[in-house]
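Next up: the structures, one after another.
Next come two complexes built around chain A: one with chain B, the other with chain C.
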Partner chain A sequence: MIRFVLRRVLAAIPIGLVVTLGVYALVFAMPGDPLRELAGDKPIPAAVLAAKRAQFHLDDPFIVQYLLSMKDILTGHFGTTFAGADIADQLRLRIPVTLKLTLLANAFQWTLGLFFGIYAGFKRNGWVDRSLLLTTLVLLAVPGLVAYFAAQYLFGVELKWFPVSGVLEGFPRSYLLPALVIGVLGFAGLARLLRTSIVETVNADFVKTARAKGLGEQRVLWRHILPNALLPVITFIGLDLAGMFGGAIITESIFNLPGLGQFMFQAIKLKEGGVVVLLSTLAFISFIVINLLVDVLYGVVDPRVRNV
Partner chain B sequence: MTAHKSGHKTGEVLLKVEDLTVEFDTPRGPVRAVDGVSWQVRAGETLAILGESGSGKSVSTQALTGILEMPPGRILKGTAEYRGADLIQMTTKERRRIVGDRITMVFQDSLSALNPVQSVGTQIAECYRVHRGMSKRDALKKAAEMLDQVRIPAAAKRVNDYPHEFSGGMRQRVMLAMALALDPDVLIADEPTTALDVTVQAQILELIAELQAERQMGVVLITHDLGVVSDVADNVVVMYAGHVVERAATAEALEYPVHPYTEGLLGSMPSADLKGQELPTIPGTPPSLLAIPSGCAFRPRCPIAIDDCAAEVPPLLTVGPGRDAACIRRTSIAAKEAV
Partner chain C sequence: MLGLTLVLASCGDGKSSSGGSGSGSKSEVIAIAADPLEYINPLNENGSPGIQVAMAMFAPLVTTDPNTGKLQNVMADSVTPDKTSQTWTIKLKPGNTFQNGQAVTAKDYVDSWNMTAEGSNAWKNNGFFSKVDGYDALNPPTADGATPKPTAVKTLSGLKQVDNLTFTVKLKVPFSQFGLTLQYLGLAPLPEEVRKNPDAYKRKPIGNGPYKLAADWNAGDDIKLAKWDGYKASAAPEADSITYRFIPNADTAYNEFLAGNVDFTDVPSTKVKSFKTDAPDQWVTSVSSGANYLVFPAWDARYKNPKLRHAFSEAIDRKAFADLVGLSDPAKGLIAPDIDGYRDNACKYCDFDATKAKQLLQEAGGFSGVVNISYSTTSATGQIFAEAIGNMLRQNLGLQVKYTGKQGSEITELADSRKLDGLRFGGWGHDYPSIEDYLTPMFKSNGDANFAGYSNPALDAVLAKGDAEPDQEKAIKLYQQAEDIALEDMPLIPLYTKSNAYLHSAKIEPRVSKYVGVSALWATFK
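Now for the complex of A and B:
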């Protein structure tokens, strides 16, 4: 097990280098000058501009800039943004915001997905199953952006059930609406996957064996069908969690939540390569960790893939 | 089992199936997979149900044990009495006290028939936990003992292994251990050796015979393999297109088949005498259950069919002592001689 984890972590290092280099190159390749962008319409004195350019190494070749950024990230000296904010402080403030949003959204998504998936799978062709099929079809077809704005307008502006944006009302009130929208949009895929997986497992030979053993229906469902039906779902968790950060960029910007996603959005707009790479690295590390956990979990649930 | 092939067992009748009829709903209308099937098995007896795929041999046992998916399956009529109690009329709850405890089953493909994510020990122990209310520890200990009884080497260690870590033959032993854990009265073995190679097949059949002799258990052996039947069965029921076409002691049926289908099966068995010759076969193919020929289902393939065969389904008639056959051309053993 330790060997497996070590191997995965070691394999992540070269991938991490390629990812950060690629991201940095993309930011570098974007048109426009970051400092002029920051200043807006105001003219900047040449001396200030030169000093700033030197501070952020903007005149150095691409590869030097990249290496300097990586050095900062690896040594923990994150420095300041172009605007002068301390990046370490920013992370301290913003990581909890994103974590709260993601965890709450996942809680909604998993509760709904597991509940409806299991129910529809066990009572297939019942009315819950049929309406789930229709609902999920509709949900999967709605683009996220449309749903976020629609929900914000309907439940925030018109009905005033939730705050429209910002985190002034704290956790969980300020996070409820965005998390609900993410959760409801996301549960559809999960529920359908689980439902299909259960329906397939129900016809497996070992289920017949379990019935021939004289086991009660509940025991057959929970001890024999479900553990097997959950296997593809675990793979889905990994993929889904990986996509969460990408989703946070949009959600946090729309609902004005000061999290990492919003930070990323601002950094990309300002061409702040260092910040973008730092955040990408964070996302990458969490991606590796989550996938490692999922793989370990998979091994726990399915003995056939243990010790691979 | 191999020792006494007389067929005239005198043990108590454990399971008695009478006039069992099972239909399936399909998009193209109902299909009768099992039609008026009757047989019985006594303590210590091995009854073989012989037939090709689709002849209804598995469906009949799955219907009476209640593990057939219903719907689309449906039992139209018939009884299946275990020591006088009809399994078909029972509530599911009552039936579960018998099926899985007094009547157990072994299936063909042990890799898919065992739960892949549970250790074999847990799966065997489940029988003790559910039917005997044992603690987890005691149940696992008994499971290891069972693995030892079916001759799995290092049973105490292997009890924690998972199905995929066993070979095909060993896995079928695990299935047997699970089926025999509660010392059942009747074992229904549904093609237990079909997925195994010939040497392992012989070992498993021998093991079943040994365990049967120890327990005076009735065995219902579902198979399409005449070789298996002649090796181990006391009595044989031959099925064709959902009907029982012949019922006899194995030795007698093999020596002197009455129904033309049984005769054809025997004739198409490879043997040393036929060396160098082409193996005879029964002409044609088994009918689709959606379009069973009128009258005798075997009629289109039968060498001795006459026009009257199309008139009605031939009833199963007693053709000699302890022998039944469903053929209007051969209503007695003497009649066969005459034809």
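Now for the complex of A and C:
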């Protein structure tokens, strides 16, 4: 087990380098001068420009800029953004916001997804199953942007059930509406996956064997079918959760939640390579860690893969 | 599950709908559609959100009277030029203090300005002082990639303290409009304790204006201000307390207004068609201080003939274009309509006339090749506007047109290096309300915002004469001559001037002035 974990962590290092280098290259290749983007149309005095360029290493070649950024990240000297914000402070403020939002959203998504997926899988072709298929199609077709603004207008502005935006009312009130919308828009995929997985498992040989042994229907469902049907779902949930440090860019912007998504958006807008790479590294690390957890969990649920 | 959470969430509601109002009797919440500020320091700030907040906490030397459009003193007692307009004497009113209780003196101004003028400090309003004698000594040229080093010289030779309340500014060359430039809030003084260690005061500014921080201000917080009773320089705004709330997404800020949580917000471009019905009787508009243009590339010989440029200008139906933009008026000259010296008949080639356009194009010898119009992909409307202009040129002049979408900053970079192909959009808003602040930046050879790369010695000479003319009326006449020259050469085509729209809650009435626009800070309460 320890060897397995170690091997995965070591394998992650070169992948991490390639990923961050790639992200940095993409930001570097974006057209336009970042300091100009910051200044808008106003002319910037040459001295100010030179000082900022030197401060953010903008005159150095690509690879030097990348290495300096990585050095800053690995030594914990995050520095400031172009606009003068202390990056370490920003992370301290923003990580909890993003965590609260994604965890709550995932809780909604999993609850809805598991509930409807299991129900539809066990009662195939019932009205729940059929309406789930229809709802899924509708939900998957609604663009997030439209749904977020519509929900904000309806539940925030008109009905006043939830705050319109911001985090002034704290957790969970400020996060409920965006998390609900993410959950409702996202549960459909999970429910469909679980339903299909259950349908496949129901016809598997070991289920027939269990029935042949004379086990009760409830025991077959909960002890034989479900654990096996959940395997692909764990992967799905893991991937979903791992993506959270990417931040929910659109949601955070519309509901004015000052999380990592907004930070990422600002940084990309201003071509702040250092910040983008820092956030990508964070996202990457969370991805590796959660994937590792998923793999370990897999072993727990499924003895067949335990000693891979 | 869904129903349950909705019910839970709706409990304990009730007063959040009026949550924006705060406690004081006259309080207002102003939404700013921008990322939260990281510091308040007017001298190191040239963005509109930062200046907007600083305006409540700091006071300028002089300001524009919203009713008459004339200059009036705030911190200054008098601002007097010498005979040539090259040396200016600024006398401060006695008895004004900073919010830490220290008197505001001439030394505070001189030292704050010197700090800003020193290039190695990299403060954003450094450029303002480039007109002052001795600027170059504080801003030596720096090699590419090197950090500017602190200079041995720490003071502008042109700045001299005369006594406790008087100082003089000697400019490099005569400049009759210098008095007007002093209303820029980016020239506000910092008290001595802040000057010693500006970084320590990033989030606890000590101003000399009508409001001070009401509570600690931490990263990401709203900015809460309370009236400071020590402010005596001029009449203060009415509000007892003001909260600036940062909502980067302008559509979200708009929804917060509709929910009754903020008292004042800008109308975002996506709501221009609907705001009057969304918030009836709760909106105001004003002409924005700026103008918008179509810019020719001075580096492309095909566009060189002024007759051809006039032909392009005559082929554009400005009325239709302004309607497309929304909340806009057709431009009739190169400067904004709220500026002293504006003439609504300045441009002779700005009324739509397809026949005349064709004739002018013929006289110019036609145009070879395809007209390229660059538009910014960062702007939601860039492509639509480009295609509207393109269609007018196609239909009225029979030209071939193509469109190129690029990031705004990339277009600027290409234009700066004189590699951009064809036309692009440009806009300019003044820093101080003077006709000069349109002509010098955009049309003087090597001007700060000379988008077109235009240069005409005759225009430069008239501008220099205007700069040296102490009589304002006569100076304006000279600047109008410069505008006429620019319109004959037409390095850029005037397109439209835009109005801005704002929403305000029923309890406040924002100040609306044809000279200085709409202000929530100066709102009156009902």
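Note that in this section the second predicted complex is superposed on the first by the 299 of 308 C-alpha atoms of A that agree within 3 Å, B and C clash if a C-alpha of one lies under 4 Å from a C-alpha of the other, contacts with A are read in each partner's own complex, and residues count from 1 in each chain.
One rule holds for everything that comes next: contacts are C-beta pairs under 8 Å (C-beta built on N, C-alpha and C of every residue); 3 or more make two chains touch, one makes a residue touch a chain.
Being a predicted model, the structure only gives us computed values, none of them experimental.
S.K.: Sticking to the clash and touch definitions up top, decide whether chain B and chain C on chain A clash or fit.
M.R.: Pair status: fit.
S.K.: For chain A, which side has the bigger count of touched residues, chain B or chain C?
M.R.: The partner that reaches more residues of chain A in the superposed model: C.
S.K.: I'd like to know which partner A:His77 touches here: chain B for first, chain C for second, both or neither.
M.R.: The answer is neither, since A:His77 touches no partner chain.
S.K.: Does the superposition put A:Lys123 against chain B (first), chain C (second), both, or neither?
M.R.: neither
S.K.: Let me test your reading of the model: by the given contact rule, A:Arg7 touches which partner, first (chain B), second (chain C), both or neither?
M.R.: neither
S.K.: On the A-aligned overlay, A:Glu169 touches which partner chain: chain B = first, chain C = second, or both, or neither?
M.R.: Touch status of A:Glu169: second partner only.
S.K.: According to the stated criteria, A:Asn256 is in contact with first (chain B), second (chain C), both, or neither; which is it?
M.R.: second
S.K.: Pick one for A:Arg304: touches chain B only (first), chain C only (second), both, or neither.
M.R.: After superposing on A, A:Arg304 lies in contact with chain B but is clear of chain C.
S.K.: Taking C-alpha centres, what angle do chain B and chain C open up at chain A, rounded to the nearest 10 degrees?
M.R.: After superposition on chain A, the angle is 160 degrees.
S.K.: Between chain B and chain C, report the minimum C-alpha distance in the superposition, expressed in whole angstrom.
M.R.: Scanning every C-alpha pair, the shortest chain B to chain C distance is 31 Å.
S.K.: Would you mind writing out the residues of chain C in touch with chain A in their complex?
M.R.: Counting only chain C, the residues touching chain A are 1-2, 5-6, 9-10, 13, 16-17, 19, 35-36, 38-39, 46-47, 119-124, 126-127, 130, 139, 141-142, 144-148, 202, 219-220, 245, 247-249, 251-252, 255-256, 258-259, 261, 406-410, 412-413, 427-428, 441, 448-449.
S.K.: Give every residue of chain B touching chain A within the complex, in rising order.
M.R.: 62, 65-67, 69, 95-101, 104-105, 107, 109, 112-119, 126-127, 130-131, 162, 164, 175, 178
S.K.: Touching chain B in the complex: which residues of chain A?
M.R.: Of all residues in chain A, those touching chain B are 203-206, 208-216, 219, 223-224, 227-228, 231, 301-304.
S.K.: Mind listing the chain A positions that touch chain C in their complex?
M.R.: 30-34, 36-37, 39-48, 50-55, 59-60, 81, 83-86, 89-90, 93, 108, 111-112, 115, 149, 152-153, 156-157, 160-166, 168-169, 173, 176-177, 180, 184, 253-256, 258, 262, 266
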